[in-house]
Structure formats: C-alpha cells, structure tokens
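Quick one: the structure is below, questions incoming.
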Amino acid sequence: MLGQATVLPLSENPTVQIDAVQLEKILEVALLTASEPLSLAELKKLSDAPVENHIIEKMLEQLAQEYTGSGVELNRVANGWRFRACPEMQPYLDRLNPQKPPRYSRAVMETLAIIAYRQPVTRGDIEEIRGVAVSSQILKTLETRGWIDVVGTRDTPGKPELFATTKQLLDDLNLRSLQELPPLEEMSSLLEHDEI
Amino acid sequence: MKTSAQSPGNTHGVHIHGQPLLEMPLDLYIPPDALEIVLETFQGPLDLLLYLIRKHNLDVLDIPMAQLTQQYMVYIEIMQRNRLELAAEYLLMAAVLIEIKSRMLLPRLSKLVDAEEDDPRVELMRRLLEYEQMKLAAQKLNELPQAGRDFELIQVLIERVEAQRLPDVTVEDLRQAWLALLARAKLNTHHRVRREELSVREQMTRVLRQLRHGEFEAFENLFEASGGIAPLVVTFIAILELAKETLVEITQTETMGNIYVRASHSLTAE
Amino acid sequence: MLGQATVLPLSENPTVQIDAVQLEKILEVALLTASEPLSLAELKKLSDAPVENHIIEKMLEQLAQEYTGSGVELNRVANGWRFRACPEMQPYLDRLNPQKPPRYSRAVMETLAIIAYRQPVTRGDIEEIRGVAVSSQILKTLETRGWIDVVGTRDTPGKPELFATTKQLLDDLNLRSLQELPPLEEMSSLLEHDEI
C-alpha cells in the first residue's frame, strides 16, 4: 500500500536522513515476502541508517492501518510482525486448496492444553491429569508441529523431560504471549454448573 | 473470536463428533456400533466419570458413590462384552471407586477430624475438576483460529533474478589448496615440487600476455623500467625461462642489433 | 489495496449480481497467499457467481496497476498470475536472508592454486601435479569467473594452451601482485619438515 506514507521524524539525530516512504515500502515488501514473522531487530536491518525501535513500530502500525478493510492484516505475534489473510477469507481460499490440514484429536488437544497451562510439565504430570497414558505419538505430533519442546529435565529419579510450549504455537494461534490464551474456567464455575 | 466446527455452545456436556450426547440409556438395548463409537470417544476413566456426573446431574462436591460406581461398572461391563480394548486405567478407576464406596460405609473413627478432610471422595473430586478444567481449555484452544487451518499466511515470491552468486575465495583458501597439493605431493615422493620465485612466474605471464598479438616485440619493450633494478632482473630471468620452455622465440638479425621476441605460437583462438 | 476498486460490469447477464469490490479483494488475498501462480480457471473459482474471463483479467490488470510503485508486482506468467517482490528490492531482502555463498570444490581450488603458483601452465601440467585428470568444467568455471585465461600455447605436440591468472583474480583477492600470495618458500619448507 503505497502513496499514503507520511514523513516521520526518523531519528532524534537530525543529521541522519532516512527516506520514510522508501523505508515503509521496504518494510512492507520484507513482511510480504517473509516466511516467518520478522522481529524488530530484523526489520531494523532494512534501514540504511540506524533507526530507533519506536520509529519502526510507528511505521508498522501505520502499515497495519493501511491494510484495514482489505483481506490481509499485519499482526504482531510472539516472534515479531507478519502478514496473514483474514480468517474470513478462508472459505474462499479453501476453494483453491480443498485439502485441509487434519484436525487434532481430543487427546492431542488435551495434552497441548495441559502443557500450555501447566508448563513446564513432564509426561507423568500430563498422565496424572488426563488419567490415562500419554502415547509417544501424541507428544511427537506436537513436537513435529513445532508447538512444544523439551526445556529441561526434572531433578527426580529417571530425570523426566519437561515440556513447554513454543513461540511457534503462539505465532500459529496469532497470539503475542501465553497470557492471551483463553482463560481457564474457574473451579467455582465448574462446581456451580449443574445443568446440561 | 471465531467459532469453529467444534460446537462451542454447550461446553459442559459430552460431545461426540460435535453433537452433544444427551441420551445414554443405561439398562436398555444399545446398538453395539454406536456404543463402540461412544466408548472410543472417552478420553479415559476421568472423562467417562465426568460424563456420568454431568449427565445425571450429580453434585461433584457430594458424589453419590453408590450410584456413580454402579453406572461406571455398567460401562466397563459393556466395554468388556464388546471386547473393546480396555485400558488398564478403566479397571484401576473401578477399583478406586469401590474402595471409596467401601470406606464411606465404614463408621468414622475420629470425630475430631474435619469431616471434609476425612472424606475419601476429596481426591477423586480434585482430579475430576482438574481434568474438566483442562478438557474445557483444550476445547477453547481448538477453537482458536490456527495458521494453515483457519487462516493462511501471506508469502509473496522472491525471485532471485540476479546472476547466481559466485563463491568467495580468499587468499587463505588458495593457500589451503596449495598446502593440500603439497601434502599429497609429499606422499608421491617421485613428484618434485620445485622451489621457485613466484615473481619470475608472474613476469613470465606478463611477457606472454604482452606477446599475445603474435608479432615480434622489441626486447627492451618487455621491461618495465620504472620499478628499479630488481624487477628488470626478474623480467630478464622470466624471458630466459620462457625461452628455455620454448614458449618464446628470441631473434637477433645482426650482431649487436635489436633483439626481438615473439610467442612461439600465436593464439589462433584469440 | 482496497478502496480504489471500481465497479465493473461483471457479467453480460444482468441478473447475476457480483460484488466487484469484494471479488477483487478475494483475488488479491488469494494471489498473496498462493505459493504457485494461479490460473484464470482457478481464480474464477473464487467468485460466488460465474464470471467471464475478461472480467477477471480486467480486475487483475487493475490490481497490478494498484501495486505499481510498491515493492511488489503482480505478473502474468506462463502458468497464470502471481505476485513477486520487485527485483530492485532484492538487496534489502538479502539483508534478512544472507545466503551463504557457494564454495568451489577442492578440484577447482587446487587447479586455481596450481595456475597461480606455476603459471603459465598447461592442462597437462596441472594434471601432473594433481595426479588426476582436470575436467574442462573446472577450467571453464575459472575462466568464466574471469580468474584465469589463456596466454599462449606451448610449442609441443598438440600445442597445449597455457593458462595464467588474471588481474581480476588479484582484484578479487584484494592483492596488488602475485607476490602478495602466501610465499612458496613457506610452502616448501612445510614440505621439507614433517608437519601438515
């Protein structure tokens, strides 16, 4: 989205001259072509002259603004900034790629939820909460997807591995931090609820 | 938030393939196929217990153990009758339920102990609630739009249009290549690697290059006078070396006359 | 690029109503998310109502127009339409994806070393020192790079070409003359001793 870029004071240092229009154009192209979210540190490399974080951030917010109403949005996620198609465009895009990625089973999703909300946890912890054995396949599925990884071992006999969720999970759910996960149901509400 | 295929409306009931399961006759005939699907849908004994509790509107804080245990056992029996692969956890839970039930039948020995702490159901209740909390969290997590499933990422092509990037070579690379050659040459002792002045070689190349036109060149033109005596000597040795290797022809038409040099064979390819 | 879309007569059949703004938005998102060029046939699937080819083409041309001047362009290629980053953005994008430059094979480097230290040499000389045949490909690689050339022929049967290094090589190695290469003396002494 070109043409609407305004000139921003790019640096407190007046001797450094940066072409704001050009930089915003470069930021846009970089974000449109990137296969992963781009961090501020990476985006700063795109400027010929040093730029401060808040200048880049202002530009990104402006860029995001320019895309409002289009089928594309610029989001800030855990690993940085990235463009995505708006979810409401999905039904159209599905016409081009009819094969959808499979949905995960309840077992996988429950395991993921326990790791997300109780991390770091061992396989034993997960099994205790779910009340059943957790197959290696489930953990492997989540690891292969890049959603969980081993962050250490617990200092107990057997040195069980501790699992935690990754930034990739947050990126894939379009979230910036774990705090943006849906809040857990309060225990009291679970107790009060008596109807079906 | 966007809703997904998973029914978000009633999050508390048991859902089988997105449909709330409202009726589960306990004593009536159940089509075996349907039951199999139902039983396979449970995530374990806690899930089954929760289903029974919610279905029969039981109070989690005051579970009627006799009723719950009886219903649980019905399911276990059906599972076994249908030869479903019964996870050990289901049998273990049956034992736990019966144990709790029997402990509740025993008279309380000490009236000093807080009734609630003494309640053998407390641990089961805690586990049920914790599991239910995670089960609901999993549902909500699954409803969040996922990259690739509910939205696509933008990725515009970068077409590398420039010439293919060429390898960088450093002097050190060249040195390493040479050292490798020497190391190999050392193994083949018959091969002789001569110690030689590189500057002579350089001058040999320079002279040859200068003679590329194929014509005779005046001998003195092959020297660069600006560099002092040493380069002149080196160039002279280079020309002699070229002559020795019969790469150049040196001619002199008369004694004390001009000396001319030309490449032994002009390059037809050039 | 939203907002500039004009209403086009989408179909000769006046009973079919198509929202041109919406369709252009969908086309844009589809093209931005596609990993391959999209053919007209595929793009037509994105419309809720049947649309004729020339209508879609007109929209695509308009879309391409809207991106003019931005760092991204919409191209028609053999297989259909696709977005790509403008070539002039490449230097910036390369800052984010520093490609490791390829390396020359050992054969190429050794051949270059022999030509540098023993010039002028024939292919036979090189083969004698390396102990193996030197493929034409190797010499061609070095010639194409502008690092060696033929400076004459040896007056022996077959008139073999004599190879020498060029000034280009010195420039690329940041040297003023061949004498600045690591001296041979050092090499020979290494050979005499028992190191390596």
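Order as written gives the chain letters A, B and C; numbering starts at 1 within each chain.
Here is the rule we use: a residue touches a chain if its C-beta (ideal position, glycine included) is under 8 Å from a C-beta of that chain, and two chains touch if they have at least 3 such contacts.
These numbers come from a predicted model, not from an experiment.
Compared with subunit C, the chain whose C-alpha mean position is the greatest distance off is A. A comparison of C-alpha centroids places B closest to the centre of the full protein. Chain centres here are Cα averages; for subunit B and subunit C they lie 26 Å apart.
Between subunit A and subunit B, the centres computed from C-alpha atoms are 18 Å apart.
A separation of 32 Å divides the Cα centre of subunit A from that of subunit C.
Of all residues in subunit A, those touching 2 or more other chains are 29, 32-34, 72, 83, 85-86, 89, 93, listed in ascending order.
Annotation for subunit B: residues 152-158 touch two or more other chains. Contact residues on subunit A toward subunit B in their complex (touch as defined above): 29, 32-35, 72, 82-87, 89-90, 93, 100-101, 103-104, 106-107, 109-110, 112-114, 116-118, 129-133, 171-175, 181-182, 184-185, 187, 190-191, 193-196.
Subunit A contributes residues 1-3, 25-26, 28-30, 32-34, 38, 42, 45-46, 67, 69-72, 83, 85-86, 89, 92-93, 95-96 to its touches with subunit C in the complex. Within the complex formed with subunit C, the residues of subunit B that make contact are 152-162, 165-171, 173-186, 188, 191, 193, 195-199, 201-202, 204-205, 208-209, 211-212, 245-247, 263-265, 267, 269-270.
Only residues 2, 5, 10, 12-13, 20, 22, 41, 43-47, 54-55, 57, 59-61, 87, 89, 93, 127, 129-158 of subunit B touch subunit A when the two sit together in their complex.
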